[in-house]
């Protein structure tokens, strides 16, 4: 076990400024773990579909390469779609943690099955694909949604929480879920209220808030000296690339 | 069945000019089907990893949106990694065909199992992920590689073909493959030679050349009036996006 | 790509004469593709169970062997149970296309999941078995039925279409289907009406009419020179067979 | 538990007379269980492919319907391809047991994994399909073959047994099998010798001889009053059928 | 086939005396099969969770080793949780049959899918795990419960049977089950009534009473000379063990 | 995130004293995390089969209940067989972490596939079962073994490490593993040497040392306030139990 302080960086893969507030990031720190963050420079204002995730990926990779250059110990991508997860893992050696993939694997550890409660119905295929690639399709009971856009989640936070409880109850009682994952990192901080709401209905299941979970797992990986396999994610070959000047090339590529 | 001429566009998702030659594209035409092509403006010189696929995606989406604006009937992405397949399917209503996904589904139709013979070992996880998302993991016998970079495939074409036969024989005899898929669209035109090489060894299996296969399937889809599900791939929401001026926004988004 | 005209034969595997009408077959033609058909001489009047499918198989194989003798380029079996698909693929070298298997693989290409809407509840195990053998069980959301016998589908066509819409809506909203397959080739020609009915309910998903889809895919396979794997479907050995005089033996068998 | 004598009939689904010898059938009896047999009237001389299995099915169904008429308690189909299993289960209420399906489920009960050692390489897809339909694909380690035609198995029985041991050893040591199934009922009676051969190599695994296993399971099902589900296998509808005069129609169909 | 009488022992893995009545055990005998039973000396009064199953396992293993010493031919564990199944299979050579695993494999043989109707909701994960280890997860339609504790099942047997029918109907109509398994051996003897109740609702599916089924299969295995694979379940190594004096050590271990 | 010190207890589920050395446990501590340990009082001297795991479970549960009584924050079971994991999770509310299950889920997060390199060949089914229950069977490339008993691992540590490297190389090159898990917690401390050995062969994959990994994950779970689902693992019912006086009964059971 490493004994020094671990530095985890949270990469916010959207161009809306101020989405992730300083006090929320501060709350992610703990003894021996400091947390910083960065926002991407090119990409969508929020991520609610595959198209936006694709436009977020290049900027996210750029910030992850920069984080490793700065000496950060581990990185968390601040979106449940894990945009840029696989591409960025090729470009660095520090652990890159996707909160979507990580929440599913932790949920599979804690419960027999789990459901994702997310913002929009259209994200269902995307979460089922995340489960398929993580290898835990058989553990995913359902994907449910409250049908509130990401940037509107906080406009009536009590209603958002009430709807999360509502859908989580259905996930447990109708779909057979035995753990709940929030399907949007914009729901950060709602876990305690949702867990209380479930307990009030007699339902005692873990409610996974993906960013705290991902930060804790990222720090744990750095602590024990583990990172993504370079057999799965080898360095990209040196090669000319047109049009992405923000991406630093640690692996000797000639950028145009 | 539509009775008019179908226009299929092949989108070459790399910035190396002249990779796809006019005579090769001409050979993809047939009665009632014309084929055009376009190359992307930003992205990598070739695609050999997830990082490069991610950088190819935005430019590919831009060209697919443009193709629909021009009245093209169906689009084929000219790379076995299917870069931009899911994002672009959200942005248009014409069928977008990924040669990787399509070759696997056709192989599952024609044979009990199939193997992919590709250029580089590092692409194995990516092809296994394509199979997982297409739902045919159980049909994929193996992913094998000849270990030749994409842009070097044609420098000694006889050697390339010989190595393809070699690996295909191993796929059949050692891994249990009953159909072969080329795992790189840079191998266009090698299928006849490889099939002959296999027959000479007493092995009679389909050898799927992914671009002809994808063009034929794309034309078939347009002919019967089918395209990707808009339940799986709904239009992206209108939203501000920073940094991708080449992407036309047919869905009313405000670009910066 | 072959440049000449492709000849696709539709084999109707039932003994009821006139089930498949000439104008419906004509509508399956397109530039470069002609369509003929044949009906079997021994077997059931319609196919609604495994027993009838088994009795349809020998006659179907006989007509497929005859089609290859006549120089046909590809064959489509006109029943969603794909009767005789595997046996006949062993006996010929031209592509034999089963509309059930092919519709599922095309649906897996176009949507995240699909449902089959068929005539009778009793066919559910059979369609789930087709999905299992095609390797796409994970993509099959549900099998639903309108509970109308095959030969009665056209007696009140408006009611049939309305019930198809009804079940397709349930497949999408309750079962999570993102594409719809008709589970009986007797529904040929209903796709446009059902798709309209779904759109009127705000549901935009592909509706796959299995025979047009199978004919287009059969022609595409012939166009690119692909057929079933002879490693999966090698020629039967020469052998004495008792009782099937209609089956021509291209492979040197001694019939009694 | 029924307390009377159970009558099991073995249906030999080939037209070669005398293939199944009386003493071998006698050896299948035990306290409270008598065994009779019947051979089909139309079909192939032996079954080594899907084509032959399809031609064997109608005659097999005919004999199974006749067995129920005669008051037989349970039926076993004497071929590892289980020809006619699903069709015949629809037509009768007594249990119909397929030795292929049953051997796989018993092997899954006794060992962590199993392999099939069969006669010809071409049968591999067929056995993998049997496993898929039985739902135990994950338990099937491999399908191996000795490459001897069915009717030649007994011409040099010592060599046949030696080759069975050879392939079984490879199945265990190379493929991870922990139980062995004979993949041809023509191997009846070889189990003891093969098990001894394996023990001599230090390998202690069950060797399942499919016909004794199927007869014992068939008798057990009859003893406890279980048979195939009529929800999965409901009676065929009454319907005109052309060309199968040998099939008695217990369900009120009008034969031509 | 062995021709002598088979002796099957039922091991009751709970410490409540008299739970399994003599007449019920007598009813499990049949021509050529005698049945005895034994109760464990240490463990829980009944088994309704994983904790109790774990405490039942050592005592169950002790009784199974003793049974082999006494010359018993096969053993059945009298609990659907199959407590001690894998551990005890390592310690003996006679077949050890778990009614949970065996019922699922027989159900997979008889029907396309099956459901378990058990006593308590909390047992769902445990049954799904049994299916996963048996390799038949894809065949398990659902696990339903009547919410009656094991030792209270017989206090109002008519109500218990009525509730079993109720849940079995839902399993068939809502979950797609095509066979029913009782999920508690305490329901022994209810199968006829439940099957009648289902037939009265027009539902004709097998109702598997796990103990009669397991005894019949155990006898069948002994009859054909099959037992668990010693490759999967090799003898434990000789080793010091603290605290289990009741376990006889046939394999040369030094107990304290 | 909790900000106070987390107390993790390692439960050594064997009766051999001194197996886990104080300095090895000290090395598992880190800023904000203290580690204690306990050994069980009844059970086997080491765990190398299912029988021994079953005898270890009751004593392990006893120590885990005691740990929660003492105010410990999280528990790790010190054996890759995860003995007592499911039973003990029912009896406490603090997170109980099994190193086998946890290593597999972390490996699935870091690499495309993983292999387990363990001590004895006989453990393969057990590890495959762990993967099946964790839901990641599709990620497990192979289970390999060095064939050294647990208590002999340290007698020639250099040879043990060399053999671990040897098997890990085969796992990567022959079986397609992209991450390595040690399949015995007795290998604690060998990870650095094995990773170096692999790098010397040009293989750059994570080598997961299960106990440090489990302790880090246990602390992370406690830090974010997550534990096993009480829907999956509800408290056992109050009930008489015979013969386990060491188990404290926090849930009101009457022990004899």
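A, B, C, D, E and F are the chain letters, set down in written order, and residue numbers restart from 1 in every chain.
In this text, contacts are C-beta pairs under 8 Å (C-beta built on N, C-alpha and C of every residue); 3 or more make two chains touch, one makes a residue touch a chain.
This structure is a prediction, so every number in the text was calculated from the model and none was measured.
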Any chain in contact with subunit A as well as subunit B: C, F
Lowest number of touching-chain links that must be crossed from subunit D to subunit F: 1
Selected pair, out of E-F, A-F or D-F, that shares over half of its residue contact pairs with A-B: E-F
Centre-of-Cα separation between subunit E and subunit D, whole angstrom: 27
Whole-Å gap separating subunit A and subunit D, where each centre is the average of the chain's CA atoms: 52
Distance between chain centroids, defined by C-alpha means - subunit B, subunit F (Å): 44
Residues of subunit B engaged with two or more neighbouring chains: 112, 125, 137-138, 178, 232, 234
In contact (per the touch rule at the top): chain pairs: A-B, A-C, A-E, A-F, B-C, B-D, B-F, C-D, C-E, D-E, D-F, E-F
Residues of subunit B defined as touching subunit A within the complex: 15, 41-46, 48-55, 57-59, 61, 84, 86-91, 122, 125, 129, 132-133, 149, 232-234, 236-237, 239-244, 247
Subunit F - residues contacting subunit D, complex: 124-125, 128, 137
Touch list for subunit F against partner subunit B, complex: 112, 138, 176, 178
Of all residues in subunit C, those that touch subunit B in their complex: 1-3, 5, 27-32, 95, 97, 101-102, 105-106, 108-112, 134-139, 172, 178-179, 203-206, 208-209, 212-213, 215-217, 219-221, 223-224, 226-232, 234
